[in-house]
Amino acid sequence: MPEPGLYHLLFISAALFFIGMFGFFTRRNLVTMLMSIELILNSVNINFIAFNKYLWPNKMDGLFFVIFVIAIAAAEAAVAIAIIINLYRSHGSIDVEKAEELKY
Amino acid sequence: MPHVISIALIPLLPLVGFILLGLFGRKYFNKSAGFIGTFLLLVSTALALYTAYQYFFDIGKVNGIYQKLVPFKFTWLEFSKGVSIDMGIMLDPISVMMLVVVTIVSLMVHIYSLAYMKGEARFATYYAFLGLFTFSMLGLVISSNIFQMYIFWELVGVSSFLLIGYYYDKPSAVAACKKAFIVTRFADLGFLIGILVLSFYAHTLDFNTLIERLTSPASNEFKAAVGASFIGITALTWGLVLVFIGGAGKSAMLPLHIWLPDAMEGPTPVSALIHAATMVVAGVFLVARLFPVFSMSAPALYVVTFVGVTSALFAAIIACTQTDIKRVLAYSTMSQIGFMMFALGISGLGGENGLGYTASMFHLFTHAMFKALLFLGAGAVIHYIHSNEMKDMGGLRKYLPITHISFLIACLAISGVPPFAGFFSKEEILLAAYHHNPAVYWIALLTSGLTAFYMFRLYFSIFWGKQAHLHGEHHGEGGFAMMLPLLLLAVGAVLAGFIPFGHFVSSDGAALESHFHWQFSVAPVLIGLLGIFVAMWLYKKENDKPAKMAASLNGIYQTIYHKFYFDELYIFITKKILFNLIGRPAAWFDKNVVDGVMNLTGNTTQLISEKIKGYQSGKVQQYALYFLLGIIGIAALFIYVWK
Amino acid sequence: MNDLFTLMKSELLVTAIIFILLFLKIGKGIQNDKLLTIIQFLLLLNLVFGFFFNEEGSLFGGMFYTNALIVFQKNVLNLGVLLISMLFANWFKKSEHMPEFFMLMLSALLGMFLMISSGNFLLFYLSLELATIPVAAMVNFDLEKRISSEAAMKMILSSAFSSGILLFGISLIYGITGTISFTEMPALLHQSPLMIIVFVFLFAAFAFKLSIVPFHLWTADVYEGAPFAATSFLSVISKGSVAFIFMATLYKVFQPMLGLWYNMMMLLSIATMIIGNLFALRQQSIKRFLAFSSIAQVGFILVGMSSNSTSGTAAVVYFILIYTFSNLAAFGVAAAIAYQTGKEKIDDYKGLYQTNPFLSWVMALALFSLAGIPPTAGFFGKLFLITSGASKANYFFITIAALNMIVSLYYYLKVVRAIFMDKNEQAIEKINIHPTTKFALLLCAAGVIFVGIFSWIYDYIQSLA
Amino acid sequence: MNLTLLILLPLITAIAILLVKNATQVKWVALAGASAQFILAIVLLFAFNKERANGNVSQMLFELQYKWFPAWNISFHIGIDGISVAMILLTAFVVVAGVLVSWNITDKTKEFYFLLILLSLGAYGFFISLDLFILFFFLEIAVIPKYLLIGIWGSGKKEYAANKLALMLMGGSALVLVGMLGLYFSSSLKSFDLMVLSKLHIPTEVQKICFPLLFVGFGVFGALFPFHTWVPDGHSSAPTAGSMFLAGISMKLGSYGCLRVAISLMPEGAMQYANIIIVLSSIAILYGAFATMMQKDLKYINAYSSVSHCGLIFLGLGMLTKTAMTGAVMQMVSHGLMTALFFAVIGMIYERTHTKQVNEMGGLLKVMPFITTVLFIAGLCSLGLPGLSGFVSEMTIFVGSWEHTDTFHRIATIAACMSIVVTAVYILRAIGQTAMGPLKAGYENLQDARWNEKLAAIVLLIGIVAIGFAPFWLTDLINPATELIMQKISIIK
């Protein structure tokens, strides 16, 4: 079977990216939305890795970037979860549609 | 050269009176105001007489020609090179003559008012206004600059406005003064534009220069003025006609006369001063002042003649039907001014042709005397009877002997019965007319007959006819202060005619022999006497002939009685057209359209902001969606559309 | 190594303060108001210190870059934070988690410092996140309020989303150019459709932080829900910092694509001004109102940025300095009123002048400055933005901007009208203002008046730019 | 003579007002400040004439230049020519009168006077500034005080009026802003300095764009038809002093700007658009006059007549002849004084009768002779009676306009002349109904003017009469300036 090339990977990342998008737009559950964002970030990671491997093998920027992205994602998730919990306390639900008082 | 200060003082003293009384009169000398004003005017009258003497017999004449002297002038407001308003003094026969007339009549009125206006709350104000008027009128007659004349012209207008509206709490008086001011103002618009036209071509506003430039056919200015034409009429004619409109307005010529009868709402002495002797002849004076220029344009002169004649006749006819004695006098004034106007209109420049000019000025002079006299007499009557209406009067000759005599003299004078003043002046006018234009002559003849008729109708119905039933207390003829002017003016009315007027005032300054043909003057005199007898037959004894006549020619009588419905016409024009067709739409447009646009923009903004609020839906997912769409949209725009 | 301490002094200082706070917190609890004074004092030191030993230079192989202008920008931010710490004293004293709040705020500030002086996308991304995530926590600080948590949720989610976009863009640009350093990039950029897409991605991320239409939608909700301190931090400090770095990247990194981003700038700034104004027109809540007005203000900042010149840079920095004063003053007044009476509606301000002349005048000054009316500084700020924007002689653009000033004036005057003109029997009672707050308000008022008149301030900035 | 005094004096006064305690002190401080300005203005007049007499023919006298925002090469550049002097005098007169008239303001006295003085500060600054930037700065300074004056102390639908005024004026200044930026970038040496700009020739296409922007922008301030709609509402709902300042001073800012900036910098643009200006202004003259005839409210009457009279100003400017331009400037001064006087009197009447409706008044001459007499004089001045300022300026404009020979200008001129009749109509109607006629019931025991009101009226009257009786001093002041402006235009002609 053929060795997967850059385009395969880019395709996967693009797919992930838009799946994430779709998830973010459609899911009601805040945690799920958070997870879809993680998907987006992961698509980005794949991008970086792929570019790094195929296009600029001698520049490690992509790799480092990925590491940092993962770390940041974790931090972001932590804070986000905390906020969601707080929201659950106040609203008694983590349905995004329950939290629409601020508008117009 | 005459003494400048002494001349300048003639108008300035009344001005002093005005300022003094106007500012402090009410507080400090409400009683003594009359005497202050009268005294000041006495002085300036003396000065005027002195100036006149000096001018006519000493300095005025240079080898047989009366000069136009400008002893003094200074630039008051310069518009551009050469075109500037100068304040100056100009002495020539007519201005000097006017000085005399104005000061004398004004003095008479001042004296008369001492008694007539006694006890008025605003006594001081009254004299202040009189002072203002006298000042403006004197300033007008000695103007050396056409714009200076316009300035005083306006001032005269406003002071007449003030004096007509003296009884400001009488609605009729308020209406009258507004009417007077606005109508004359409208005419002044013509005057103003006329000035603009003339000055534009003459490149000057100074009378002497202007006349000189526009009368010498060689000069470029004249060529330009005659060369340029608008709808087939030369600019010169336009200018003159426009100026004449101004004059017609002040002199209550047809069709701008409507303010004059109403102006009788003012105190009677004021009517005597302003609306009989002085201000209303300003128009005549204006034309006379510019006469050399007028004589360069036949059409302009035709206009003057036509307007003059028609006004004379028209006013005479109306006067026959009026019952308010002051209105009768007002219309007769209008008629007499008509005489002066057409006299100028038919006159030529210089020598024998100039007879009309001289005659007109002469008539102006005599008319001032007897018309003032008539008004003051009427004033005495009104003072006595507390009414203006003929029907309240009758048989007053035994109650008011002096008034009666002087009034009679005045009537005779105005009817042109020799040897009274009116006879001579009117005679000359008719003579000029006869030589120049027969049609005018016949109309004038008829008019003078009518004049005699309505004057004596007035006379008889006041002093003869049925016995007026007198009620309330009656305090004599108003004492010395009122009688003195009557007597003096009566003397004037008798003697003024014997002045060899042509020697002093003539179109070209050279002396003009007034030659007297008794055979010519038969017709006018007869006509006059006829009119008098008719009046006597109708009105001397109380009877019902007049009523019958009026009834017999009802329609015509009504038309005339309603002054040919001129007022109604004007009301129609102002109310219906100006207000409803222009004013109201303008106001509406402003309120709704101009304003509306402004408010509309505001409201639409509000509306839009209301409409688009939905995008701020509060759904975080939608926000993200818009986010993405924004990216895609912008990217698409810049990749495909806006490279 | 001395180098590090001078170049990174602002960052180090802030870090130090954070740690001090941490120790104070861990150690025996000091009661709030004493702690607050300590913090204010530290921040003051920080601010003062910021003006000394400024050097230009870069560290870590160009990852961190600083110069006098950048230091000045950091000082502006420092000033803002100091003012915030004073303006909302009442609230800080009440809340039992005050030190945490400051730790969050300061770490966000640290993030911004790093962001401003970041020399490549990695540091930029990191610092951006560092500048964002704590703020989300700050927004949620009114723990008992429903809207507070909702706002926080919206903020964290949408900012995560936008950082996702940003990262995607960065990854692609890395793919295209093979570098993430600001200095190497310009040489490698060329305008291809892919590049345009990438640029739009990055642009959108910036736009999100700056709340440029159409990426602004989170702004109003978050501002409204957040406590005043957080709101003002968001609207002034974080906006300012992002504006700085945005400008820097545009001018430095994306210089080759000038034609593209000028048009984009113009388009979006017009949209931003209009939309911001239209929404601000109909707001009742003062926070929301200020949120939208600040969006409109960003539109004006873009006008200045679009000039792509040093004068533009100076104008933007100058404007943000002024904007800090005016906006913080407005928020301060609103907060002072809200803390005591809980009233946040514009209609509640009716007749405020009868009871609180001082607050009214400060508010009026602030609003006039925001509206750009002389002699307040806002006038100069706006005028210079527009002037530098006009250098391209793009009359259409400038006219639109100028006309938008009218609309904005309309709604600013709405508040002024409520305060000064409308009669109201149950007007807000006399507000007793915390002395430090009062002092801060006076400071803001002074800034609003004098920063404009004293032209040397602008000249100084110009000399830096 | 240091011109900065003109700015410092109001500034100091304003600050002093803020510092002093009670209302009476505020009033006296304000009055002191205003009269100091007054004296200063008079002194300035004499200093100016002296300088000219000494043969100093440079366009601007007493020039001063301080660096301000050198980065944009803006400088605080001030100086005056005859026109500015005339406007400064006008301002001084109106300010004193305004301060006096509003003597018995009880509500928020301090703020009221503070704003008044601030307004005067803006006006002075505007009239002396020779740099577009500071010109604009002062122009906008003058806006907000008006807004607050109307909104806080006004009457009727004040908030609507205040908003309208502020927004329209800001709109105007927005246009001005764009126009002046256009000028700024038009030349290689980026400069806002009027003197510099007037030296160098601005490209024609730039003029084509910038002239309308600037002229209309300033025109909004000067009530140029159809942008006059803020005038009636603004004037009628403003407090007395407010309307006096509005009509007396701030409308003049507009026309002055049109002359000083638009026309004198961009003669070609002026030529380009002269006919449009003439058409608009002659419409405004007649239309404003006719609209006035329909008004029942005294303040509206005066407001609309202001539209008509300001139309005359623009006509004079649009004619582009020296005489007409001089006339326009004189009209600015005269209308400023006259309308201020009018509003002052209306305010006095309103304060007593509590109505501005003419048909609810009558015979007031009986109970308050002084006030009505002044009303009368103001009216006469407005309808152009000789001996009062109105006549002089109007006539100058007419004569100047008549210097054009073609039919178009002639018709415009005649239309303008007609306005004097219509003016007479509405003025007399108003006065006839208020002052004359039988006294309406309930007004029997109204008081006549108090000392401050008398003083205010007299101050303005002095101005009016001084111009009306001796216009030559004013023309001699203005002519050299207009001469210079016309030179540029005639070169292009």
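Structure notes:
The chains carry the letters A, B, C and D, assigned in the order they are written, with residues numbered from 1 in each.
Simple rule for what comes next: a residue touches a chain if its C-beta (ideal position, glycine included) is under 8 Å from a C-beta of that chain, and two chains touch if they have at least 3 such contacts.
Quantities reported herein were computed from a predicted structural model and do not represent experimental measurements.
Comparing chain pairs C-D and A-C, the larger number of C-beta contacts belongs to A-C.
Of all chains, the one whose CA centroid is most distant from that of chain C is B. Closest to the middle of the protein, by Cα centroid, lies chain D. Chain centres here are Cα means. That of chain C falls 42 Å from that of chain D.
In whole angstrom, the spacing between the mean C-alpha positions of chain A and chain C is 27. Distance from the chain B centre to the chain D centre is 36 Å, each centre being the mean of its Cα atoms. The distance from the centre of chain B to the centre of chain C, each centre being the mean of the chain's C-alpha atoms, comes to 77 Å. Touching two or more other chains at once are residues 153-154, 157, 161, 220-221, 410 of chain C. Residue positions of chain B with contacts to 2 or more other chains are 602, 613, 616, 618, 620, 624. Residue numbers of chain D whose C-beta contacts span two or more other chains: 167. By the document's touch criterion, interfaces exist between A-B, A-C, B-C, B-D, C-D.
Contact residues of chain C toward chain B in the complex are 153-154, 157-158, 161-162, 165, 193, 196-197, 200-201, 203-204, 208, 214-215, 217-218, 220-221, 260, 263-264, 267-268, 275, 278-279, 281-282, 407, 410.
Interface of chain B with chain C (complex): residues 602, 605-606, 608-610, 612-613, 615-616, 618, 620, 622-624, 626-627, 629-631, 634-635, 637-639, 642. In the complex of the two chains, the chain A residues touching chain C come out as 17, 20, 24, 30, 33-34, 37, 40-41, 43-44, 47-48, 50-51, 55-56, 59, 61-62, 64-65, 68-69, 72, 75-76, 79-80, 82-84, 86-87, 89-91, 96, 99-103. Residues 164, 167-168, 226, 228-229, 232, 287, 290-291, 293-295, 304, 322-323, 363, 365-366, 369, 380, 383-387, 391-392, 395-396, 398-400, 402-403, 413-414, 417-418, 420-421, 424-425, 428-429, 432, 435-439, 470-472, 475 of chain D touch chain B in their complex. By the touch rule above, chain A contacts chain B in their complex via residues 21, 24-26, 33, 96-97, 99-104.
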